[in-house]
Each structure stands twice: as C-alpha cells, then as structure tokens.
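First subunit A sits with subunit B, and in the next complex the same chain sits with subunit C.
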Partner chain A sequence: MSSTATLGSNNRTIIAAAVVLAALAFSFLPPRLIVYDNLYGFFMWMETTWFGVIGQTWGAVFAIVEAFHLLAMALLGGAVFVSDFRLLGLVFNDIPAQDVLDKAHSVFKWALAVVLFTGIFMACGVAGKIYFLAVFWYKMLALVTGILFVFFVKRPLLKKDLNDINPWVIKLVAVSSIMVWVTVAAAGRWIGFSG
Partner chain B sequence: MSEEGGSNKKLDDLEKAALVSSVTIVVFFVVYWAIQIESTYSLLAFAYDW
Partner chain C sequence: MNELLYNFAVWLDTHQLSTSIHESYYMYNWIESTHVLTLMLCLGMLFLIDLRMLGYAMTNVPATTIAKRLNLPMLIGFSIMVITGLTLVYAVPVRSTQSIWLRVKMVLLIAAAINAFLFHKNLTNSDGSWDADVRAPKNLRIGAILSLVFWGLIVIFGRFIAYDWFDCQYTDPGLSQFLSGCVAGQTQF
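For the complex of A and B:
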C-alpha cells in the first residue's frame, strides 16, 4: 500500500489537524495583530449600518433583540446539553440515541440561525466597544470552533451507527462540545458586563 | 448505545479527526478557564489583601 493511499484514507484527520494547527499559529503569532488592526475600520463601519444606528438610537429595540438572542442561546444550550448528555449516557437512556441526536440537531440549527442574526445586529450597535474587548474575540474563536466542530466533525461522526464508534471517542466529543458551547455562552455574558 | 461497541476496533478517519479536534478543544479551554480563574483570584486577593 503506497503512502498516498494511507494519506487519502486519513483525509479528514489531516484536514482537522491542519485547521487546528493553523488556528493555533494564527492565535499566537504576530500576523494576528495585523489582521486586528485592519479590522478596526470594518468595526467602525458596522456602527454606521442600519443595524448599528438602530441599535445605538433605540435602546428598546436593542433590548428586544437581545431578549431573542438570549432565548435562542437557551434553546441552543438545551439542544447541546440534551444531545451531549445523551451521548454521555446521563439522560434519555430509554430513547434511541439517534432519535435524540437528530431532534436536538434540528433545534440546534434553528437556534444557531437566530443567535447569529441577532448577534450580528447587537454587534453592530456596540461595535466600537466590543472591538477592544479580548473576551469578544475569545467568544468568536469559540463560536467558529463550535460551528466547525458540529458540522464537520461531530455531526458526520454521529451519523454512523453509534455501536461502530469507539465509546471513548463519543464521550470525548460530548465533553468538548459542552466545553465549547458553555464558553460561547459565558463569554457572551462577560461581554455584557465589560466596558 | 453499546459500551463495548467499537472499543476494540481500529479508529477510522472520522474518529481520528474527532479525537484530534476534541482533545485540542478540551486542552485549550481548560487552560483558558484556568488562566481566567487564576487572574480573578489574584485580583480579589489584591483587592481584599488576602
């Protein structure tokens, strides 16, 4: 068997490792600062958009959108906890895991769509503030990691028959999923208390 | 979900990708929160002269 064939059979692993290494390198090397500086203009522009003007001018609109953002986060968190605790064997053990995972994932997708839309609206309203908050960037890192992890690793993996997957891998996936989404939620609240 | 399931089987590509990304996520966020908790404790210790 040639080395190319071996590489080909580990395609997804190689891509995952490359993305992880690229993300870590970007996070800790100087090019990050150049990108950060260049994004300042974009954040200033965000405040001038309709979303930005509405968010800054009418506090009530911002508050209502934030209410939907928090409700969608609660829904998203519920979907994450239900599916991951089922994977850990802590809840709904009398219901087939695949049923729980499929239903939780459809709730997760809708909740994520609402979170992203309301989040963009809110970010436009306070762009000048969040640009300078380190916790905002950690939240974005966690959010992007969570989305990539769910759609390119977790979901494809769990579409397989769970009996064919190493149980330790399933548990590790569940724990890391909980960690990344709890970080997204906690960092979001932290933004609210900052500045 | 069977506990014995695929535990003795060789990991396939998807499982290895899941393992690599999960371990990275767990390590990164454990370190991140450990640093945050430590810095919060240091601030409180400084503020209240612990």
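For the complex of A and C:
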C-alpha cells in the first residue's frame, strides 16, 4: 500500500507536520546534545571555507552581503504578506486568489534562494560564534518550519479549490505563515545582538 | 552647521529617556528589530510594485491595481520605520548624527522621496491603457529602477551604520571626519 493511499490526499502535509513536531521534540530532549557536539567540527570547518575566510577578512563584504540578506528578506516578506493578506481578504479581493498566490510564490522562491545563499555566506563568517548562540538554533528551527510549511502545507492545501476549504482553515494558514516568517526574521535580527 | 548638529545631539543625549532606551538591552534591540522587521512590510510591498512595473512579478495583476492596493500597507510599514528610526537616533544621538552612513542614507531617502513623488505623478497622469501589459511605460519603468536602486542603497548604508569604521574617535582629521561632521575638540562621541 502506498503512503498516499495510507495517509490520504494530505500525505505531504501530515509528513511535514510530523517532521516539524519531531524536530521540535528533539530540540528539547537530551539526545540533541550528541548531535550538537558532533556539529562543532562542521562549524569550525565552515570558517575555513572561502565564504568563511572572506567573511572574516573583509568586514565590508560581510556587511554588504548582510544588506542583501535583508533586501531578500524584505522581498520574501512582501511575497508572504501579499499572499497571506489575500487569504485574509485584506487585499486584491477582486482578483482570483490562485492568481495572486501563484505569482507571489514565484517571487517567494527567488527571494528564499537569495536569503539562503547570503545566509550561508554569513554563517560561514561567524560560524564559531553562532554555534554557541541559542537564538541561531531557534532561527534554524523556525526557518526549516517555514520552508516545510510553505512547500508541504500551504502550497498543497491552497492548490485545491479554495471554496472547498473551510474559510477558517485558510485564515489559520495565512496567520501561521505570517507568524512563522516574522519569527524567522526576528530571530535572525537577534543573532546580531547576541554573543 | 556641524557644530550646531553636535550641540543638538549632545542636548538630546542629556535626556533621561534617550539614556534609558540606549541602556535597555531589550528596549533598544526590540526597537531596532521592529525597524528591520518593517522592512518586510514596507520594502516588500514597494519591491513588488517596482518589479510589477518592470514585468518581473505579479504580471497577471493589473499594474495600477498593484500600485494602489499595496500603497496602504507600504505606508503603514514606512511610518513604523520612520518612528523607530527616529527613536534609534534619539537613543544614540551623537554617534548617529556623526555617522557618515546615516548622512548618505538621509540624502538617499530624500532622493527616494522625490522619485516616489514623480512616479506617482506619472502613474496618475498615465491613461491606463497599458495596465494589463507585462511591462509599464518607460517613464514608470525608470522610476521603478531608481526606486529599487535608492532603496537598495538605503538598506546597505543603513546596515553600515552599525559599523564603526569611520566613527569620529577612531579616525584622523581628514576627509572622513569632514564628511562625518566631526567637531574639533569634541568631548562626546
């Protein structure tokens, strides 16, 4: 029996929710320390990569990449807000929701790619610092949750005819999406205040 | 002019509220976080409007509809950014007014404001026959490109404010001190 048949049409959503819950549970249980200790070597290696060396050597390059990270986050936020505001009925009510959601999602994917690339560059430059910051790990948890939420919960759900979905579920998805991505951005900003 | 600004900043620095915000770890950082987070609302909307004009985003939504509907959330975000930005300057007045990056940022903000005014004027004056087209007319596309450039630089220079490369106490008299508006013999930084 395939997983699709076992879990029904919402299999991706259920698997994503299970992964997020498992990650959350794992992050609060003692076994996480084994993984955490083993990751130290990886973070030290990150500092020795080209990105790490450039980030540590040229402060101006690091600052410019930081700014592009912010710009990409702004664009990502724009895409998230537009699609979620449409789901909440705040903007573009006279335009089919799928049209707004599909186009906003294309922007979201590009913005996310830049956020991830610049984020990896910055992480390499300060790997030895962020490894010890709890807020960095919270951000990573929020980021993974956000990505899984978008690709395995929000998109599959909203590809269906929205008239067939309970309006409160749609609103819940929109509010959850905004909360997850604002958490990602806020946690990211607090990395700069810590350590 | 620089001396006047310096004296004004020193006066602001004597305010208990300025000191309290500056010395409160959570208050200062939350104000700064709010300033940065509202980028997602303000610039997020602005970028979508600009990219729509250039034909790179939301092309299935009429261009003027995008510009008009996203204006309100953009302005709400912008208002919060202005309030939190002024509060951040108030919390660290001397260093902020003598930041070369903040000065460049202010010039760029004025340029962005003029560009936004002209963009809206051109948008209002256009006949709207192009509304469903993938790309807006040339004058609006130029406005959109300038907007992206100005705001991109504003964010870059805004980020630079956090760095002390050209702070008055770390530089020798010369061009950078001149541009930063450092005052000879100043005692506060």
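Definition applied: the second predicted complex is superposed on the first by the 177 of 195 C-alpha atoms of A that agree within 3 Å, B and C clash if a C-alpha of one lies under 4 Å from a C-alpha of the other, contacts with A are read in each partner's own complex, and residues count from 1 in each chain.
Keep this in mind: a residue touches a chain if its C-beta (ideal position, glycine included) is under 8 Å from a C-beta of that chain, and two chains touch if they have at least 3 such contacts.
Because the structure is predicted, anything quoted here is derived from the model rather than measured.
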{"item": "Partner chain(s) touched by A:Val150 [first = subunit B, second = subunit C, both, neither]", "value": "neither"}
{"item": "Touched partner set for A:Leu162, first subunit B, second subunit C, both or neither", "value": "first"}
{"item": "First (subunit B), second (subunit C), both or neither touched by A:Ile64", "value": "second"}
{"item": "Touching partner for A:Ala74 - first (subunit B), second (subunit C), both, neither", "value": "second"}
{"item": "Touching partner for A:Asn11 - first (subunit B), second (subunit C), both, neither", "value": "first"}
{"item": "Touching partner for A:Ile130 - first (subunit B), second (subunit C), both, neither", "value": "neither"}
{"item": "Common ground on subunit A, meaning residues reached by subunit C in one complex and by subunit B in the other", "value": "none"}
{"item": "Subunit A - residues contacting subunit C, complex", "value": "59-60, 63-64, 66-67, 70-71, 73-82, 85, 91-92, 95, 99-100, 103-104, 106-107, 181-182, 185-186, 189-190, 192-193"}
{"item": "Subunit B-touching residues of subunit A, taken from the complex the two chains share", "value": "9-13, 15-17, 20, 24, 87, 89, 97, 138, 142, 145, 149, 153-154, 156-157, 160, 162-170, 172-173, 175-176, 179-180, 183"}
{"item": "Residues of subunit B touching subunit A in the complex", "value": "1-7, 9, 11, 13-26, 29-30, 32-33"}
{"item": "Subunit A-facing residues of subunit C, complex", "value": "25, 29, 32-33, 36-37, 39-48, 51, 57-61, 65, 69-70, 73, 152, 155-156, 158-160, 162-163, 165"}
